[in-house]
Amino acid sequence: MSLSRDQIAKRVAQELQDGFYVNLGIGIPTLVANYVPTDMEVMLQSENGLLGMGPYPTEDNVDADMINAGKETVTAVTGASIFSSAESFAMIRGGHVDLTVLGAFEVDQNGNIASYMIPGKLVKGMGGAMDLVAGAQNIVVTMTHADKRGNSKLLASCSLPLTGVDCINKVVTDLAVMKIENGAFHLLERAPGVSVEEIIEKTAGKLIVPEFVPEMSFE
Amino acid sequence: MAGFDKVVDTYEQAMSGLTDGMTVIAGGFGLCGIPEGLIAQIKTMKTSGLTFVSNNCGVDDFGLGILLQEKQIKKMISSYVGENAEFERQYLAGELEVELTPQGTLAEKMRAGGAGIPAFYTATGYGTPVAEGKEVKEFNGRQYILEESITGEFAIIRAWKADKMGNLVYRDTAMNFNPMAATAGKTTVVEVEEIVEVGELKPMEIQTPGIYVDRIIKGSFEKRIERLTLAKN
Amino acid sequence: MAGFDKVVDTYEQAMSGLTDGMTVIAGGFGLCGIPEGLIAQIKTMKTSGLTFVSNNCGVDDFGLGILLQEKQIKKMISSYVGENAEFERQYLAGELEVELTPQGTLAEKMRAGGAGIPAFYTATGYGTPVAEGKEVKEFNGRQYILEESITGEFAIIRAWKADKMGNLVYRDTAMNFNPMAATAGKTTVVEVEEIVEVGELKPMEIQTPGIYVDRIIKGSFEKRIERLTLAKN
Amino acid sequence: MSLSRDQIAKRVAQELQDGFYVNLGIGIPTLVANYVPTDMEVMLQSENGLLGMGPYPTEDNVDADMINAGKETVTAVTGASIFSSAESFAMIRGGHVDLTVLGAFEVDQNGNIASYMIPGKLVKGMGGAMDLVAGAQNIVVTMTHADKRGNSKLLASCSLPLTGVDCINKVVTDLAVMKIENGAFHLLERAPGVSVEEIIEKTAGKLIVPEFVPEMSFE
């Protein structure tokens, strides 16, 4: 069975470590915040200038001046700091964020990512995505393994305009966990009940498959 | 403090000197922390052919979007310009130029402009459409592109409090691009929620020193929320 | 907050990992805002062959000067290195390398290092000995030189207060180079006058977010004054 | 009579305007603060991170954490702000300071300045001087017209290593006020009782002398 969005988020949450500063993109990455292990603390960075993003506010404490990078109203946790956009991206560009999780249209075997622009459609802009992929040492991309027509999104070479080059280390899809190294995807785990064959079939880029591929564990 | 008293009484005074074809650096992220009254004044003035440097372009009927409606904007330099149907129409019709710039690069371009740094190298955008036509240079085995800084004839920003000398503090994430924009305008105009006496803001709490600020006006703000998101139950 | 508790109890822990030949970025201006106890710990450790990036090099018997006395410093990257006889002796004897860097360029090199910007252009130093061997480029009719950023294996800084997560505030002009130095170290160690509970420092008053800080130690400071100057009654 | 150090400072103070942000270097420039006209307010910038430098402290309010760029203990005026060295030099390099006053060893007719290094002597460093001369739009140099042996310090071309090129607009010496423009010194004023001939004699660089050279006024 392919994973649900929440299950993908839950699997990504296993990449967290106590004391990590983490930037979560819009969509599935945002859900990761719901699965931070209870014995662990992480600080969420929002690139509009907030380190220590908290939950959404109650109706009583909504404040138009407290939003996240997705323009949603949020709160700040105890220990949070607020700063300018230049400072926020100094943090990101300077490699100080421990883990960045974001979505993508395509990822390729060389760690390139395409996530912001589909030619022919209106270009809305890259926002902070290019800075995030260029700055982070440790990036996890979350996406479905293939698009709705069954075309693989894990390619030999991205077909869409790139957001960044040679920057993605790890991909968590609805079917598998893979790392990217030396010009290939390396299959690390498969979703419970998903066959290695299905993953091979839906991966267009070079895929290295070890002898034994464990199922993801969610206990 | 005559020479340092930067408070003006009217929006006409606040935006006096803005003329067609100028470049305006605007603070704000989405609709958060935008100088609402200064934008409205530019609409009133009907100034046209403007280039705006701003992370976003508001929504159809609020923020910089209201200047799009009046076709006062020739060009936008922004990182993200969704949420705006008129923007889309003008862009697709070729009536509006757009220079998409990564958000962090945009923030740094403003800061560099204000800080007398004409250009800097960044890895952001290397190998992407953003890098087209830009110089590439290798440092420590990694490729970087050269990005030039931005300044404007005007900067329009919002702060929380100003003292009369233009020392500013911001309120929460309404800070965003405002401090950098403040440094990058030849004339910097700040719209604030509150004007306080000199001395009320302590030296270490001031986030933008008055040296960057030319005019201060007290505004009243709608503070529209773009995406109201509440905790479940 | 186990994972975010950065407080250490001993200077040994604070400087653990520093080894011969490393580059250390140090905050402070003159003797103001220097991490006195961390410097003393480096003396105790007898680590040698160090490169220090610091605006000044202390005086003979205080600040970084005490590491000069012990010949632990191989190279200084500084803007001003007067007030130090042993410095002069070692420099003239060829025992000490010195890379003189304009003060603003030095501050910006540290900031850029922390911000992932490998190099930037500045007019500062163009046409002077500082420009030797550096790339020159013209922007808007003016000549600028390319300056590369600086990072170090360690940064040692002083702040006024830290919460246990490493959020920092500084005290008056003891701030100086400390916030930039904080960002430019692979391991950043801060010596503070006071450690407070998380939450005591408000989000908008924090001057260095904890993300830049790895270790915190409470120090006690002599705070020697280099030039006591008093008002004439 | 050539001007005293205080008189030079007094003359420089006439360059101030109400509402100016001013950076005063060490030496004679520091004295300018004593001659700010009483109907005028200026804010003094100290490049270690203080805008709004006040007088020296009394013994009771000395604070080791409050110093100026000359490392002297100082106070802050009402309305002052304190910031990092990077922010301070962003201000300076970005051209936001209205007037900079500093000393020099030599100035030449092309606006070049040498002020930090005498070969053969120990090099102590340029501190913030290179940033100040590169950043300011409006710089006044104060110095004696000639050195102790009578050698002119106003040259066709500086002989010492430069602090900055093509950046000095105005020079106030013990003998004269000159502006620098189009590759020449232009004599604007002479010290009371000093002859135009003496100024010509002590100026090695190209000097343009108008028909009438007024005496400085100190009323």
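All chains are identified by letter, namely A, B, C and D, in their written order; residue positions are counted from 1 within each chain.
The rule we apply is simple: contacts are C-beta pairs under 8 Å (C-beta built on N, C-alpha and C of every residue); 3 or more make two chains touch, one makes a residue touch a chain.
Note that the structure is a prediction, hence the values are computed from the model and not measured.
Think of each touching pair as a link: the shortest run of links from subunit B to subunit D has 1 of them.
Comparing chain pairs A-C and A-B, the larger number of C-beta contacts belongs to A-B. For this pair, subunit A with subunit C, the centres built from the Cα atoms lie 35 Å apart.
Subunit D has its Cα centroid 55 Å from the Cα centroid of subunit A. If you average the Cα atoms of subunit C and of subunit D, the two centres end up 29 Å apart. Under the contact definition stated at the top, the residues of subunit D that touch 2 or more other chains are 50, 76, 82-83, 89-90, 92-93, 134-135. Within subunit C, contacts with two or more other chains are made by residues 108, 111, 115-117, 122-123, 171-172, 175, 203-204. Chains touching one another form the pairs A-B, A-C, B-C, B-D, C-D.
Residue ranges of subunit C in contact with subunit D, taken from their complex: 29-33, 55, 78-82, 88, 91-92, 98, 100, 102-108, 110-111, 122-130, 171-180, 223-232. Of all residues in subunit B, those touching subunit C in their complex are 108, 112, 115-123, 137, 139-140, 142, 144, 148, 169-172, 175, 203-205.
Put simply, subunit D touches subunit C in their complex at residues 46-50, 55-59, 62-68, 70-74, 76, 82-86, 88-90, 92-93, 112, 117, 122-131, 134-135, 161-166. By the touch rule above, subunit A contacts subunit C in their complex via residues 17-21, 40-43, 45, 50-52, 76, 78-83, 87, 89-97, 134-135. On subunit B, the positions that touch subunit D within their shared complex are 1-4, 111, 113-117, 163, 165, 167, 183, 198-199, 203-204, 206, 209-212.
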